[in-house]
Amino acid sequence: MNKVVKNAEEAIQGVKSGMTLMLGGFGLCGIPENSLKALAASGIKNLICISNNAGIDDFGLGVLLRDHQLKKMIASYVGENKEFERQFLSGELEVELNPQGTLAERIRAGGAGIPAFFVPAGYGTEVAEGKEVREFNGKMHLLETALTADFAFVKAKYGDYSGNLIYNNTANNFNNMMASAGKITIAEVEELVPTGELDPNQIHTPGIFVQRIFQGTNYEKRIEFETVS
Amino acid sequence: MNKVVKNAEEAIQGVKSGMTLMLGGFGLCGIPENSLKALAASGIKNLICISNNAGIDDFGLGVLLRDHQLKKMIASYVGENKEFERQFLSGELEVELNPQGTLAERIRAGGAGIPAFFVPAGYGTEVAEGKEVREFNGKMHLLETALTADFAFVKAKYGDYSGNLIYNNTANNFNNMMASAGKITIAEVEELVPTGELDPNQIHTPGIFVQRIFQGTNYEKRIEFETVS
Amino acid sequence: MALDKNGIAQRIAQELQDGYYVNLGIGIPTLVANYIPEGMEVTLQSENGLLGIGPFPEKGKADPDLINAGKQTVTALKGASFFDSATSFAMIRGGHVDLTVLGAFEVSENGDIASWKIPGKLVKGMGGAMDLVASAKNIIVATTHTNRKGESKLLRKCTLPLTGVACVKRIITDLAVLDIVEKGFKLIERAPGVSTEEIKHATEGILIIDGEIPEMKF
Amino acid sequence: MALDKNGIAQRIAQELQDGYYVNLGIGIPTLVANYIPEGMEVTLQSENGLLGIGPFPEKGKADPDLINAGKQTVTALKGASFFDSATSFAMIRGGHVDLTVLGAFEVSENGDIASWKIPGKLVKGMGGAMDLVASAKNIIVATTHTNRKGESKLLRKCTLPLTGVACVKRIITDLAVLDIVEKGFKLIERAPGVSTEEIKHATEGILIIDGEIPEMKF
């Protein structure tokens, strides 16, 4: 099953104003750089983006923010982006903040056909507002709902023509769950190999979750905080 | 962190009458053979066992059944075991049958601290009896609860002293989730290697989920239905 | 003449489309794999944790760690992947599998299916069938039109414990292809040489016959 | 004298036990890693998907694909494993992490914690903090006893938006070790040379002083 497309421009075909997108990565680690650039170049606006973070001012999701392409962000931590802050405070950008584990699980649930589930995170905080509360085993829990997206953009180290993916180190993060939660999932990889070259026991994301795949180019893989010993 | 114990007899220390156990495997594929033998030899009775299947009459969980060590089974498919059938019909054995995906997810939820979640499977069937029903996206769902165990027994191909596990082919099945859902998880492996020898990107079950690990011996790895072309 | 098992499987194979991910149940559905049209890529999912089921192994090459959901030894094709049961049912429940083909004891005219339990008989359990019927985007039931006693399996209402409600889309039997529509079983095709009357006779539920019914083509 | 950041981290390290899996938050908690007692095996979890955090890499060897939850480049120790964020929080939510150490803006005498948001100030988000405090078996807050304005951070009630309720077990500050008990902050240890009076003065919530309070030992 050949799911290979030529490049990011071809991959993002069908993304339209007002759609909900998921974007993998944690900080700048494991983000779909090529797809983000193509989305920025497309000028598509009014996007709802689900991503753990919002990039930095001049890289990652930050570029879409800068160009006012986002209507709403669903994220857990957006600390490294001043433009985000500005748009949020001015009311230009809607923001829904989720506890990180809840965000991860909502995305997994979206991919796994589980419409809602209970977690303890956020009970008694502003995250609980409007949510059903229920006690299990003497502990209070919130009912959280699944998240899905029109398009999910993920990045892996290796991928094959059938869409099987293998991530590298902590660059997996949100990518694996998001791959399962996109109606159309687009994977970009550092190395695209023919089907059959990846060990079936080592595949992190089975190809069934991926609709389009391409070999990315010119990866910058920026480091947010280079810390050395 | 060295979690290595000598053998199955040492590994099952602490298992007591009346406890709830999880046992990995699908049919006879990926079952913890050594632990099952040690449990059979222990003569411990009144066990509640959570396992997708019930083994066959003279192998796997079937041996515990034969020796009347089980009080209750929570499973999804028990078709290959006549003794199971007899004990169930005579009322000796309590049985709770779960849709297979619901069983898998209840175990994952147990390990992941999610006390309950909604799934569509079983709505309108006898599985729904006594369960909360709720509509999401125009479809009816049942509220299912998490499963945990006093001891979980899993089997992997490779393991290291820290409890990291790698499964082989379809022998993963229920093992990965069960490893996370045992208060004490005991892993037996075909090849036990020193910590550091497994590739951190290829580990299926991180060691945090495993409390005891040992190198199994004399694996029979019986085939239930040898089908050839 | 009524189709045999292989005939049913062959007709079901015509429902496949290039690029489909398909879960085939035990029995007749498994045979569908033998009739995948040349040049069409269909990936078979096995709910015990395999995407990309290959043919049965050669004699002497069976791997005990590589079985399908029917516990038969199989092989894995190029591009296959292995995963745990939670991930496997995430694929199923999440609607990622395009088509599920499974057997049934009974189907009702509103699409209910009974396939897992006969009161008083051997308890086997539902396995993955309830998850599959509750979640698959498209469900085809593969069955004989009548049971061994000659009684219809296509009923007004199921009499046996249900596997799922209002979920079956199409039924392919030894006699016919039928769709579940609002008012009953809609006859789509007849098996070669089987008359509309024969099908009517073998169907207890409401049968909708709209115009001339073509024969299946092989 | 009040401890510095490293002193607080060093005192917290005394809470570690052999075999512990520990999640260390950003700031002072991260420094705890520098004081793990010789011969003790403690595995550090990073919620972005790493079990077995190693030291910062040597200059020039930073791997952009290997960061901690604070987005700093790190290394992975022998026996480490990588996984996705859902699995990472399964570890946390499922109670598999033995100890969580995190910072706070405020802690109340019933164990509520506020650590993520100051109304009118920079919105950063809660990251994994709410998941951690709601689920960790044992939570230690690492903080200065008072804020920059000299106001107590150990309050009767938190004034800032909460991260979690009734979850903190122990607080280790530059002045003291305190446990959350039914009636308030129970003083357990004093920083070297810090008097009970000074601690009382710096604590707005109810402070329980039961008998002679020993000094911390290093």
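Just so it is clear, A, B, C and D label the chains in written order, and each chain counts residues from 1 on its own.
Here, a contact is a pair of C-beta atoms (placed from the backbone, for glycine too) under 8 Å apart; a residue touches a chain by one contact, two chains touch by 3 or more.
For clarity, every value in this text was computed on a predicted model and none was experimentally measured.
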- A correct list of chains touching both chain C and chain D reads A, B
- Message: Going by the touch criterion stated earlier, list every chain that contacts chain B and also contacts chain C.
- Response: A
- Task: For the pairs A-C and A-D, output the one whose chains share more C-beta pairs in contact.
- Result: A-D
- Identity of the chain that, by mean CA position, is farthest from chain A: C
- Using CA atom averages as chain centres, what separation in Å is found between chain B and chain D? 36
- Using CA atom averages as chain centres, what separation in Å is found between chain A and chain D? 29
- Rounded Å distance, chain A centre to chain B centre (Cα mean): 33
- Message: Touching at least two other chains at once: which residues of chain C meet that condition?
- Response: 76, 82-83, 86, 89, 92-93, 135
- chain A: positions in contact with at least two other chains: 105, 108, 112-114, 119-120, 167-169, 200-201
- Graph of touching chains, which shape: line, ring, star, complete, other? other
- Pairs of chains, among all present, that meet the touch criterion: A-B, A-C, A-D, B-C, B-D
- In the complex, chain B residues that touch chain C: 26-30, 52, 75-80, 85, 88-89, 95, 97, 99-105, 107-108, 119-127, 157, 167-177, 204, 221-229
- Task: Would you mind writing out the residues of chain A in touch with chain B in their complex?
- Result: 105, 109, 112-120, 134, 136-137, 141, 145, 166-169, 200-202
- Considering the complex alone, what residue numbers of chain C touch chain A? 19, 21, 41, 43, 45, 51-52, 76, 78-83, 86-87, 89-97, 135
- Query: Can you name the residues of chain D that touch chain A in the complex?
  - Reply: 46-50, 55-68, 70-74, 76, 82-86, 88-89, 92-93, 112, 122-131, 134-135, 161-166
- Could you please specify the touching residues of chain A with respect to chain C in the complex? 1, 108, 110-114, 160-162, 164, 180, 195-196, 198, 200-201, 203, 206-209
